[in-house]
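Before I ask anything, let me first share the structure, which is written out below as structure tokens.
Residue numbering begins at 1 within each chain, and the chains themselves are lettered A, B, C and D in the order written.
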């Protein structure tokens, strides 16, 4: 039996949540699960319909992009996942990485904001329960980057946004705190401590995106939630003094 | 067997309606059921997914916030429920309380209005069948209140809105007549004679919120329903001369 | 066995389509089925949840409003149905009446237009396949009418709109050609040759209402479909030269 | 057994995807499957509800419109399908035709754009994965054309738009590259190498239409995706250097 069996199982189960939660039509989404100790991740094969997907179909890839195990082509977005695991987890050593799972979908409302090239405003506590900033939206990828290596450069675009901030939107961000992003003109990426948590963040992002559109419909001049409420809600659920839930792992 | 068994069963059944009616993603909602004779309520435990929830998981809490029975942490919103039971039922003595069940969700359209900090206009008879006023929306909680005791103060904010009215929106209201409210920047709370009826009011609120948004889309200058139609519809369903239904309890 | 058994079965089956097609929350809708030879109709009892509804629960009422058979209270909207059967079928003698079934719901998008007090514009062939005019919307019922006999007067308001037209909207209409209407501030009514066809028209109206809202979102200056296309589509499906379907009854 | 059995089976299976994917209410949609070697296509019979539809009910029609096999009336839109097969495949000889399957629906959001008489803007990569242009929208059919032969002229209107372009929207287009179109005031048509792929394109079109409306809601001034990203995404999935999927037939 493969040493990657449980990693592939984790990735498969998380991918199956995409159709179950209505996060993508057809094959328009993928999740990967990362094994920090081996520095590899298991990812959905490209273009395989979810109803046909089996745990053994997952493709295991290392951080240089080499296929370690698997007979199918990995998702065409594999280089984006690879860059995010590599750069967002840099410096975590053999400890627990910030990013243990990544999801990319074309979920309807999050994609609409990405197509609008707008950050999703932070209007309420549903949003603040998860991140303390508007959901950032990167600029379009440049022509040179697209021609050089499209999917790899998409990963670099996201990493750059977190390292340097996005002009007119936000300063530098930590991927352990801001667990979601929109790529301008494209769609959402989200991540978490493991694959299941990345899917949770992807589903939450879709709902935040939908609520924000409806909020603007109810009040085109809606303003952002005051920062003291943002911080209170975020810290109810995250960090050393969190008191939401049953005290287990977040 | 616990003396609270039927109360816990009632609370559990009402909580299970939240996912069944699409009123919340994941664990973002909670219902409690009140026992006036014992002055305690049973509430959902914090952060437990609905598919795993069992009647025995419900936590029984008294009006001072002491856990009377239960092994899990109660919902983080428990202090809000507690204040509403205590203050909205004050003066009802051992009789039938106005508030026998409370629901809090982040249902999509009601939350959008809360995020927009706008009362939901009373545009039609669907709304008037349930309350005779626009659905009130409280202001944001103050910084001091958030820092003092967030969830408790959320309850107090609602009670104050009912006792004193909301500047620019409405005068004082009776919780037996206005059975729903939006907390500005947060989301909806609703209540009723028992837990099942609170869920009914929560589901109705979500639909009223959705219809009001679509009404404004069809006619941005839409005006409120004339008061004589509001009263007629409300009194068809409520009060001594109600003639809707089969004459059973409302 | 009751002589009304098949009429009650027809009404029951049509009512069960309301939740199946998502046309109403809870008990917010009702369908009736008319027997022209006996001048009676079977209608849903008031406030009974659909999952509990049985064919034998239907209430049979005559055109004067007298209950002919049934143990439960009929829908509170019964007088509206009664007026429509009586006045829209006047003059059809013992022949086939124009209105053999009526549906009333609070379906979301049709209700939004009713709350907006706007006729639904005729933007496309989906609409023109069913009626050749914008869906008319009556004005609010007057204070005097509401106080006199609310549900009966709602029926009279609809009949008046068809006999005299609606100022600023349309001239007189035939209920055999315009099979749906919005009551201002309230919601939709639709009808057809039998109860099943009234439900079909009610479901179509909801979809037309939704499409019209989205059309205005795509193009706030959208104009009506040219009349020569309206007529072509309507006559493909209705009248002596209809050629849609398998040539059976329409 | 009929020589058309597998063609009819293909058409039937594709038609059953219409209700499964929510692309039409009732009978408002149809798919056909083309057999280039025999120059015939199998199409849904007119007005038959999907739950009752059987493979043997499909009607086989040749390019002159003669029924070759089948007992039921073919879809009233059959002449439109016929013209598209005939003219879009002209010149492909006995080789693989560009159009092996066609779908027509009244799917909600695509129909809204058609009713708005607007091309669907190309805002993002979800769109660019499928076509490299805004989804074209034909003008209304002329009065003369409607009176001459409505459904046949609808086909000619589409063919003309592809041969000559649409003034103010786009130049000439190839049906092998632009696999979808809106007919002004009516609704969407889409096609593909076979019936299943036409349904895929029809479902994709509906999602693109929905996303574009939401994009405009998030940013009324949203601009089109830069052409270098459009081309990159389209060519990831189409043409000789496509690298999406498992290298099988597209």
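Criterion: contacts are C-beta pairs under 8 Å (C-beta built on N, C-alpha and C of every residue); 3 or more make two chains touch, one makes a residue touch a chain.
In this text, all values refer to a predicted model and were calculated from it rather than measured experimentally.
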Same-site or different-site touching of chain B by its copy chain C, using the half cut: different
Centre-of-Cα separation between chain D and chain B, whole angstrom: 48
Computed distance of Cα centres, chain D from chain A, in Å: 34
Chain A: positions in contact with at least two other chains: 216-217
Chain pairs in mutual contact under the definition given at the outset: A-B, A-D, B-C, C-D
Touch list for chain B against partner chain C, complex: 123-126, 200, 203-204, 207, 210-212, 214-219, 222-223, 225-226, 228-229, 232, 236, 243-247
Chain B to chain A touching residues, read off their complex: 25-26, 28, 45-48, 72-73, 76, 106, 108-109, 111-118, 140-141, 143, 146-147, 150, 185-187, 213, 216-217
